[in-house]
Every structure is written in C-alpha cells, then in structure tokens.
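Going by the order they are written in, the chains are A, B, C and D; count residues from 1 in each one.
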Amino acid sequence: MDYVYGPGRNHLFVPGPVNIPEPVIRAMNRNNEDYRSPAIPALTKTLLEDVKKIFKTTSGTPFLIPTTGTGAWESALTNTLSPGDKIISFLIGQFSLLWIDQQQRLNFDVDVIESDWGQGANLDVLESKLAADSNHTIKAICIVHNETATGVTNNLSTVRKLLDEYHHPALVLVDGVSSICALDFRMDEWGVDVALTGSQKALSLPTGIGLVCASPKALEATKTAKSVRVFFDWNDYLKFYKLGTYWPYTPSIQLLYGLRAALDLIFEEGLDNVIARHTRLGKATRLAVEAWGLKNCTQKEEWFSDTVTAVVIPPNIDSSEIVRRAWKRYNLSLGLGLNKVAGKVFRIGHLGNLNELQLLGCLSGVEMVLKDVGYPVKLGSGVAAAAAFLQNNTPLIPSRI
Amino acid sequence: MDYVYGPGRNHLFVPGPVNIPEPVIRAMNRNNEDYRSPAIPALTKTLLEDVKKIFKTTSGTPFLIPTTGTGAWESALTNTLSPGDKIISFLIGQFSLLWIDQQQRLNFDVDVIESDWGQGANLDVLESKLAADSNHTIKAICIVHNETATGVTNNLSTVRKLLDEYHHPALVLVDGVSSICALDFRMDEWGVDVALTGSQKALSLPTGIGLVCASPKALEATKTAKSVRVFFDWNDYLKFYKLGTYWPYTPSIQLLYGLRAALDLIFEEGLDNVIARHTRLGKATRLAVEAWGLKNCTQKEEWFSDTVTAVVIPPNIDSSEIVRRAWKRYNLSLGLGLNKVAGKVFRIGHLGNLNELQLLGCLSGVEMVLKDVGYPVKLGSGVAAAAAFLQNNTPLIPSRI
Amino acid sequence: MDYVYGPGRNHLFVPGPVNIPEPVIRAMNRNNEDYRSPAIPALTKTLLEDVKKIFKTTSGTPFLIPTTGTGAWESALTNTLSPGDKIISFLIGQFSLLWIDQQQRLNFDVDVIESDWGQGANLDVLESKLAADSNHTIKAICIVHNETATGVTNNLSTVRKLLDEYHHPALVLVDGVSSICALDFRMDEWGVDVALTGSQKALSLPTGIGLVCASPKALEATKTAKSVRVFFDWNDYLKFYKLGTYWPYTPSIQLLYGLRAALDLIFEEGLDNVIARHTRLGKATRLAVEAWGLKNCTQKEEWFSDTVTAVVIPPNIDSSEIVRRAWKRYNLSLGLGLNKVAGKVFRIGHLGNLNELQLLGCLSGVEMVLKDVGYPVKLGSGVAAAAAFLQNNTPLIPSRI
Amino acid sequence: MDYVYGPGRNHLFVPGPVNIPEPVIRAMNRNNEDYRSPAIPALTKTLLEDVKKIFKTTSGTPFLIPTTGTGAWESALTNTLSPGDKIISFLIGQFSLLWIDQQQRLNFDVDVIESDWGQGANLDVLESKLAADSNHTIKAICIVHNETATGVTNNLSTVRKLLDEYHHPALVLVDGVSSICALDFRMDEWGVDVALTGSQKALSLPTGIGLVCASPKALEATKTAKSVRVFFDWNDYLKFYKLGTYWPYTPSIQLLYGLRAALDLIFEEGLDNVIARHTRLGKATRLAVEAWGLKNCTQKEEWFSDTVTAVVIPPNIDSSEIVRRAWKRYNLSLGLGLNKVAGKVFRIGHLGNLNELQLLGCLSGVEMVLKDVGYPVKLGSGVAAAAAFLQNNTPLIPSRI
C-alpha cells in the first residue's frame, strides 16, 4: 500500500467519511455472529427504536439498509414514487446534482430548480410552482438539507410552511446525509416524509448503513408506487419487522454493534449538545476563514452550514494543490472542490465526533498550507479568531464536571 | 443486549456470515480515511487485480459494490437484461427461490425449472429448452452454484457444455455466494458471464461487499440492457475506473483493508489449498452424518456440497429445537431449515476460514444436541468417522513445515 | 514472522497464556491515557474492590503489579520475609522448583519438602516439622495451589488445619497462578497470607499484571521484613492508595480496562459457575485420557487438577513430538513436558475462558496426533467419554435461558 | 467508569504514556499465543536485533523485561553493582530523585550531586570528583538523559569525555526513559554501559516493557555484582537466549507484536527523521512558550529538551488548575508539576508518534486554558510563532512524495 504512512494522527477533515470515535471502533472489533440467533434481533430492536430519536420522529419507520447514501436516495425515491411522476428537485451543488441525475435515470419527471452554487434552494420559485399546481401534479419535493459540496444549508421549515399554505400534498424527501445528527433536523415537526443519512457522516461510523426513515404517509405511498425495487424495497423489511427477525438479508454485525455504540455516545453527550457543538465549530471555522481574508462559498449567512465550509480561494491558486499539499506535508485531509467549483474551493468538514482542539489543529494546518501555496495569510490569524470565539463559548465536558 | 454472553468462543457454523480470521479483524480495526486521497485508489487497484484470481478469470471486470448478496444479484440482472427478457432459472431451494422472486419483481419473463429440494438443477430440462430455442429467445441462464439452503452444488461445466453444444448465446449468470473461494469455480473456463459472491461468505469478512465479476460479453450486454439501475449500475464504476479514482460513492475503508488482508491469507494458503481444505471438511462432515445414521438433504453424491451440509432429522424431532438448543447450551450456531425444509433439516456451514479441529468441535456439539433432543446418537461416532478421514488426509500447515 | 499463519483459529490449550475472550480484546483496543487524570483512579478503585472477590477475601489488600507471576512471587516473598528466614517449601514440579530457586537466591533458609513429580505436597512431613517447631523458627509456608507442570492440586485447607492445630504463626504464601479464578480458592477461610496469580492465566488476559493479595498479617509483616525491595515494595503502593491516585509508576492503561472487562465477564457468569465449569472440563479431560488408555501424571484422585492435565505417554514416544505435530498439522497448541517429565508428558491446559466444544475439539485433535505418532488410540474414544459426561452435566448458558 | 467520555479525540500531551499509532494498536489486537511455539522465538529474535538500532549499539545486549521504567532502573542497578558500592547520581528533578531513592533503598553508597530543578547535571562537580578518585572507588555514574519533570536534557558525551580524560573505569548507567527513540542517543559512541527506556514513552506503545541494553562491560560486571536479584536478573535471560527460546517467563504476546510494529514504523520514517521531528516539535513548543511571555523551567538553552517542556506560570496561578481545566473543558491532557515545582509548572509532552498539527492543536488549547485561568495571553500568539517555524521546517512526508 503506497502513500500511506505518516507519523502521528491523520487529521481527517473531509466532510465524510469522518472520524470514528475509539469506543465505536472498539465495539466493531468483533467476529461475525449468526444474525438469526436471538441476540441480533434483540439488538436491532433497540437500534430501530433509538434511531428515531436522531430523526426527531415518533411516527416514522426507520430502515437500516446495507448501502451508501446513494442507495438510501434510491430507496427513498423508488419506494414512494412511480416512473413518470412529476417531482421538484433543487440543484445547488454536486450532491443535489447527483441526486437529480439519479431521479432522471429512475424515469421521474424532474422539474429542476437551479441556483448558483453557493446559494440555497430557491424557495420563491418553489412557492410559485406550488401556487400554480392546483391539480397536485407535483408528487414530491426532493431537497438536500445540507449541500456537502458548497456548505449550504436549506431551510426545511419554510418548505413545510409553503406546502401547508398551499395545502399541497406532495411528499417531502430530504437528503440529510451531511445534516442529520449534526444540524437541527426535525422530521415530525417539519412534516418530512422520507429522511435519510449515511453511517459515515455525522454518526461517525464506517460507510455501510443507509439510514432511511419513512413517515406514515410515505409508507402509504409505497402501496401505489410502481418504481421497480427489490433490494431497496421497504416491504421486505416490514415483513421481517413483523416476524421480529428484522432482516430480509444479512446485515453487517459489526456495523450494528457500532451503531449501538455511536447512538450511546450521542445520547450520553445529548443530541442537543451534539448539535450545539456543531454550531460552535461551524461558527469558529467561518471566523477563521474571515480572518484569512477569504470568502465562504456560501453566499448568505442564512445558508451557512455548520457541518462543512467550502472556502473560495483566489483565482491564481488551484485549490486541488492545497488539498494535495495538506495531505503530503501535514497529514491533513481536506475536501476537494467538485465539478463547477473544482480548483476554486477546498472544503473543511467539521462534522461528527470532533472537538475544539482538533478543529484548531486543522485550521493551523490550513494556514500553513495557504502560505505554502503562496496565499499571503498571517499565520495564527484564523486560529486566533476561532479560539477567541471558542474560549468564550465552549462548555465544560458534562461528564467531567 | 440480552442473550449474548456465553463463556468461551462462539462456534459459528451457520453458512454465513462465517468466522473472520484474526488478521482480518485486525486489518479492519481502523479509523476512516479520505477515500479520495492517493492511498485508497492505490489499495483499490490491487484489490481489483487480485479479486479476479478468486473468480479464476483474466478477462473479467470486477465490481466491489457496497451491498449484500441480494444486491449483487440485482446488479447482475439489471446490468445485463431488459424487462420482459426471457430467462431460465432453477428453483432448488430457498436461495434460488429468493433470486427467482427478485427476477420476477424485476419484470423478467422467468422460465422456472424446479427440482425437489435436495436435488440439483435439472440440466436435462435445460437441454431440451435450449434445443427448442433455435431463435435464441432465452437471454440468460440464472443458476446458483451452491444452494445454501439444501447444500446442493450444481454442475456448471455441464451448463457450459450444453450451451456450446447448441451454440446458444444466452448469458450465464451465477450466484456463487456460498461457493466462490471455497468450491472449485472457474469463470473463464466455464464461460460464466456474471459471477457474484458476498464478503461474509467464503472470503470470511463482515457483510458489506457484493463482489460481482462481469465477462466482456456481459459488459457488452450493458449497452442494450434497459433495466432501470442507478446504485447498481456498473457504468458508474467504469467511469471512475478510467479516472483512476475507482469509487462512484463512498466505500467502506475498513472493508477494503479487510479484503486486502483476506486475499493475502487466501494467497498465502494457496487458493487451491483453500479449496482442498473445503473438500476435506465437507467430506468429513458427511461421514459424520452417515455415522449418526442421518440423511443428507442432498439426494445424490454428485450434488454434495463442500460448504454446507443440510442434515435431515427424523419427523418426530423439530430441527429448530436443535438449533435453539445448540446455541443455548453449547454456544454453537447452526443453520435453521428454511421454508419447505423448515423444522426438517438443520444446516452445518463449513466454509471460510476454518480448520479441522473447529469442525470436530462442532460435530461433537451436534452429537450432544442430538442426544439432548432425543435422537439416539452414539456420542463420538460422528467425530470418530470424521477424524478417521481427517487424520489420513490433512496436510501439514505449509508455513509451519 | 515465520511459522505463523494457519487457517482457522489456533486451538490454544497450553496452561497459559490462555484464550482472551473477545469482549476483553475489545476493551483493550485503545490508545493510552493520562493515568493521573481522574478517570484512571476511578477505574482502579473499582478494580481493587472487585479483585478481592476472586481471592475470596474481604480483609485482604490487593496489588496489581506490572509484572509476571515470577515477579508476583518475588513481591510476596520480599515484602514479608527477611534474608535468612527459615521457610518451608514443597517441591512437586517445575514451577514449585522455580519458586524454590527464587527463594534460595533471595537468601531465605529454605527447607524443601520434595515429592515425586505427580504427587501433591507431602503434608505429613509438614505436620512433623510443625510439630517439632515449638520455637516457631519457621516463618512461612510456601506452597503452589496448583502445580502447572504436573497438574497437581494441593490441599490448602489441610495446611491451614495443621497450622491451627499446632498454633503455629507461620505465614502462608500461596502461588495461585494456575488456580485462582478457576479452582475453589478461599483466601480468608483458609487463612492465606499472600496469594498471587498472573493476568494471563484463569483471568484470560494478556500477560502483564501480577495480582497479589496480602492479609492484614502479611501487611504487618512488611514492617519487619528486611528483604531488599523497591519495584516490588507494597509500601509504595499503599502510599498512593492513601493519596487516591493509586499508582507509584505507570500502569498499562489497556490492561486496566481489560481487567475491568474480564472481571465483568466473570461476575456475569458467576464466580462459582466459572469454577464449576472448570470442574466439569477437568473431569471431561480426565475421562478422555482414561478412554485413550493413557495415564494421568497426577498419581491420586485427591490431587487431580481441574485446570491442567499432564498426560503420560508410553516410553517409546517423545511427547515433544506430539506438541510439535499438534501445532504443525492441526493448529493445536499443547503444553510440553518440563524438566524431569520432559519428553514423557504433554499437557492440556483447560483453564480460563473456555467452553465444552472448544475442549472437545482439542481432544479430537489430541487423538489424531496420538495416532500420528504411532500410539494405537481409537479415534473418537476420548471425545465420546468426555461428551457422555458433558452432555449430562452442562447447564444451559444462564444469559440465554 | 466516571469522568471518561468527551467528544472527539483526547489530546494526549503528558510526557508518557503517549499516543499509540493506529498500526500499533492494530498489531496488538490479538488473542494470546503459546510463547513456546516456534513463532514467538522467531519474532523475538528480530526484536532483539532491531532494538539495538534504537540504542545505537552493535555490541550491546538488549533485554525486554515485562516491567515499567522503575523496574528497568532496578534491573540496571542490581545486575551491575553490589550493596555498598559507591555511585554518583545527579539530582535535578523528580525522576532523578526517584531513581536516587531507589539506589539508596538498594543499599548503594550514593554520592548525590544536586542542581536547581531546571538545571542540568553539574558536570563540573563530577569532574572534580573523578579527579579526586584516583583509587576508582566510584563504581558507577547514574544519570538521566532527559529529566521528564523539568524538561532538562543532560550532556552525555561530556560525561564520557570526562571519564576518558581521567581514565576512570566507572560504569555509566543512563535513564533514557524520555529520550531514547526521540533524542539523539548513542550508546556505543558515548560508552554507555546500561541504557534503558520504557515502552510507553517515545516507542509509543502501552506500558509493559522495560527495554534495557547492556554493554559488554556491563555484562562482565554482572559476574561480580552481589545485589540480590531474581526477576530482574539478566542471567536468566541469557540462559534462554542461548537456548533460542528467549523467555525465562511469560512475555506479553501483544506487546511483542506491538513492538514489532512500532519498530517498523520508526524504521520506515527513519530513526534520524524521527529524532529530527522531535527537534522540530520541541523548538516549536518553546517558541510558543516565549510568545506567551512565559518562562521555560529549563534555565539554559543547552539543556532544552525536545521531548518535554515544563512551562513556568506566574505565582498567582496554580498550574494544577491549568491541567484540570484543560482536561475538563478541552479534552487536553497536560502534565502536572511534580514535587518542588508542583503548582508552579505544567508540562507539555511532545514525544512519540506525533505530528505538527497535533502539537498546534495542543498549543491552541493551552492558550485557551491560560486565558481561562486569568493569564493575559494573546490567543493565537503561540500557535503563530510555532507555525512560522514549522511552516519553514517541516519536510514532506517521505512516503507521500
């Protein structure tokens, strides 16, 4: 394996996969088990119950699908919709683009509302489309809560408000891949019908579980949804839920125990404290970017993301060189700019199981790399700005008071 | 987590997921990494190259899909076929049944050739159908190499011989879930077009990678295959293969390193030695069953499976009670009888990273359970029969000579 | 590293180091920590409290010394005795021999009571010596509870009875290395003054903690004991116990968490159930040896050991060849014969976290090796005899009822 | 276990035990093994050979003793000296003090040369004592290479020069606990007779191996050394070295494999690069301390330590509060001031497997804590000073160029 070893810890600041906490690595350090013994269903039962809490739902039905975020997308769409169905989808960055590509390849009639990369979903256009759709031809609204490519957070409560205002029955399908467990997400309150995330994001696990949660309305929609689906079919799961054996096919034993540990850590910290920590680290990152004299790819404060910050660099510098050099010299992993913003931005992921000093270490590394590539940053400036905020706002670790 | 702890090792003899060797558990004991750094593509390149060896192909193209065997099935079908395509499928047990169910739900025109559970695929019927199909309406033959529910191994070289005899161009899609890396499987020699397995079977990894390998003819078929597919689309992989970044979406870092370790162990032992070990353990198991005065579910020797043995028990005993008791009293995990043979057979999985004494420990446990449930077995009889064979046929461990 | 890899699990049946259960391996899978933070003392406090339970003492003071059993011996002796002190020591096998060697090198006046290897401590001679010692010149009785080289268990309650009868104040120092946590050991009831074991024995941890427990009388003895000691000095520990920081020098963080997990497993099973399991496995092993027509090195039933069985083989066979071959062909690790019994016995360790089927797997392996080396064993005979007993006497696993 | 969990990584900056790199944690994640099988001696042989490289000796004989640094001290002294022997020892901080305490308790005639805490060994006094000792009554010079309590590095080459000048045959015993593998240490060139370290220091392993290396002259000295020793006796090791089985008593299997991995990482980076990295991180730390307007406990540049920096804080602040708060609020583990400097200094350990961004994260944390406790630090100032140096002096990671 070339290119691997570097002294000390890797500083992992891509927006996924993220750092796995040691207790979770430990929990997954195990042999396989018979998933048909009484042990695995007993474990699964607690997981399904507790996973609902991170979606903030009591009425939803969760599915832990052995897949990635891309598979979770497909599961959300094919279980609730039929080919030809008209859906609205917002194109605001690479991941919403990929989801739209999937929607089109699954043969939905996708009405794309596009924004500049760096802007949020254009909800004014949504409103006008809802207003015009008195026949309710729009079957679903597909929206990413947080666009990982640009660091833009969309306003989901407004989406709900608009649908309510126009008494529109469209389903709301939300990609919460880089938001759930990190940003404030409220499935029931916001009337989200399908929400999804991947285990390797804010849950801080390895890749391998697509977590999908369906509202009662979404479950109802499966009865008429004609999209072809087998592996991703929720009904196969529901059948086994009823039997109490839970699994239509073999789950990863290791990830189930890992998820148990991950949820335990989140509940020990408190989900609201977890979210507050993300708010804090997001704010600190943005203060550093500002101190460096650089621009956030996100164009307005209302869309600022607390899980990923895309930093725009001057045109004379190639952001890929920043990412490359960070890894080669400082063992720091940053996110590349993707597609339209390739070479123009680099990304700092600040989600998952992460603390203040890890972030400040990352920021100090970014400063050194910026200087390496010729950007005239004042070393220490971003760290100082972030630390000034963090020193005022970081609570004592509750379990250590 | 209820029902879990028992002193000593769990004796894991379900036919998957199977025991993970310690070096593989170790290799997976790690934090996440940026899969876009140079390290992961460098690793992936070696995996794709080496995975071909376990399929015994030089011309095939492998895909390491983050999914289970069920997903691998779907990938094989949707990438090569169009809805309405006529395919032949053999129903010989629960897993071929489930695959057929998937084929039907994916809207293929499935011509099912059914056998008694305990028999192999009826290749005489296949021959007559091929003979009658001078128009080549049959687009594919779907066959499990080894039916995990009954312990039946099908003869794939005969399938190839028949197709050649009738100059029939149908694709051959093979479920090798409980065969590849354990039984003699020859993708190129037998003209298999798509072969697949799951990481949790003979590769002795956790669940999470569906390994699929496509012949050049199968890749060609993707160009006309109209089945809807996104997550499972090989073309998304091929695009990233060309870029040298390999991954259309996030793989499990842990499973990649685990697969590297698993392949290293297989090559260190020698793939042919691995297969010979399975032959040896399969034979030993059947000798024990015979000594117990019980019948193998598999009706003829030509179909005996070297990876799983389904043992038929007398009608007055419920085989589920055997499985339950084995786990509750002896920390022994056996496979249940499924569907048609539920309650009638229990299964001993003897695949993956396993040795002679592990198997003999299992057989001694089965004997005690049989006695527990009232079957008049002579304790030690099966172990003696198996040991007599093993003591004559087990080679020295090559690395220890 | 040459000579290492073999397919499947290593069957570890040396009488130490023994198999580590997976939950304990998991618990130790961690980074270092500051041992002066509040966390480690809090953990240590629970360990010291709970360790007393496995010694069956309420009045004893435990020490968790970063050393091996040999170091624990030295700690027991140097903290309680002065050079020139007369002590009685029983020579019954290699480990009592090594302890006596240590006693002599530490300049005690050792009165050795020797028995044939295969016999227990000669307590008649002890009685006559106590009877003759009305001046109480004997300062201590040193005795192994279980001689690991020959599989002989000494009767400690008789030792206590004799001392009481003669109102003799000698200290009783017990090597419980291959007994504590496996055999019935009662520190308080038997008036043991220092008892000790090593983490890699029945506690089923890696090597690295010498667990020593001192009675109030032993602690009192430290005040006059003139043996030179620094690293092994209990007073350095007691000083830090008072401070509540516990450690005079750096402990292994990993072993502390491992010990916590090991104790948790023992208490979950129940210490008495753990001991009963050892009784059961010991008996089963002896039944197998008998069925093979071989002799136990232990000459009388009263000394039979439930943690290790030394099997005498016919003079025409070299027992080292059995051990070598077991490892090379069956991945089975057996214990060599040591010193006087080198080449004449091999040993089966059956202590620690082990269950019935593991033992039966081992016994089947021993049978095959015996046949390999030309001993005319009937394959299956020992397994049958052991299984007949185990099938009648193994309880359901409590947590799975 | 109270007080443990905090989100994100623990920032471990005590001067031992230090961070264990992931490949080493992985290597130790294993079951026990029979240490008398051929595998462990084969492994041990490579370790003994390679360990000599980190001592920079070709003529020395290494011992891997299952103990801590305190035990390694005792081993060095008792194997080479006799009670009553006159030895010179330098008292410059808490760890040299503890070693002197041990020397006195082992009944040597210790001539203590004391310096202020913060100064190095007074070699002028040594010179005068050597000059006066024409009878060679001084049997050994005991010196710490690096005093961990104050961050002072002594000049060992001058010690050698003085001994040579005066043709003095005294043995040189060096505590290299916080130096070897981190600072430039040259056993052969400097004529060191016994050098020692602990696994939990710059080798970045768990506690548990005391690594001791003896010169031929030291081995010769064992023949006349009358100090009582058994557990720590090198001769027991030498006997087993000759047999090729290496171990007089059970080693930790896990630590042996861990040591193998640790050495592999060190050689992959290059020992000289490892030392250069420590030089770099040490310098960066001192620049930060200066920028904060604080004093280094070490009084002169010639003694500056590249493995630990003790920072003096103003008298109105209690340094223990800094350590407590760092842990409670920022998950940062710093070293306490010990004994004479308790409350007056806190310590930053910067040794072992560590990189630039980890250190900068730590420094940013120290800044925040300083502000927390009322010291008027300018946030970012220390990080800026350190980063300015590091950005100029950090090489690319060799394996990633």
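Going forward, a contact is a pair of C-beta atoms (placed from the backbone, for glycine too) under 8 Å apart; a residue touches a chain by one contact, two chains touch by 3 or more.
Here the structure is a predicted model, which means the values were calculated and not measured.
**Student:** Once chain A is fitted to chain B on CA atoms, what angle does the rotation have, in steps of 5 degrees?
**Tutor:** 180
**Student:** With contacts counted as defined, which of the two, A-D or B-D, has more C-beta pairs across the interface?
**Tutor:** A-D
**Student:** If you average the Cα atoms of chain A and of chain B to get two centres, how far apart are those centres in Å?
**Tutor:** 34
**Student:** Chain A to chain D: how many Å between their CA centres?
**Tutor:** Distance between chain centres, rounded to whole Å: 44 Å.
**Student:** Taking each chain's centre as its mean C-alpha position, how far apart are chain B and chain D in Å?
**Tutor:** 53
**Student:** Got the chain C residues that touch at least 2 other chains?
**Tutor:** In chain C, 2-4, 19, 22, 25, 29-31, 38, 327, 400 touch at least two other chains.
**Student:** Would you tell me which residues of chain C are touching chain D in their complex?
**Tutor:** 1-4, 10, 12, 14, 16-20, 25, 28-39, 42-43, 46, 66-71, 73-74, 83, 102, 105-107, 198, 200, 206-208, 227-233, 248-255, 260, 327, 333, 336
**Student:** Which of the residues in chain C come into contact with chain A in the complex?
**Tutor:** 22, 25-27, 29-31, 38, 400
**Student:** Could you please specify the touching residues of chain C with respect to chain B in the complex?
**Tutor:** 2-9, 11, 19, 21-23, 29, 265, 268-269, 274, 277, 327-332, 353-358, 360-362, 364-365, 367-368, 371-372, 378-381, 383-385, 387-388, 390-391, 394-397, 399-401
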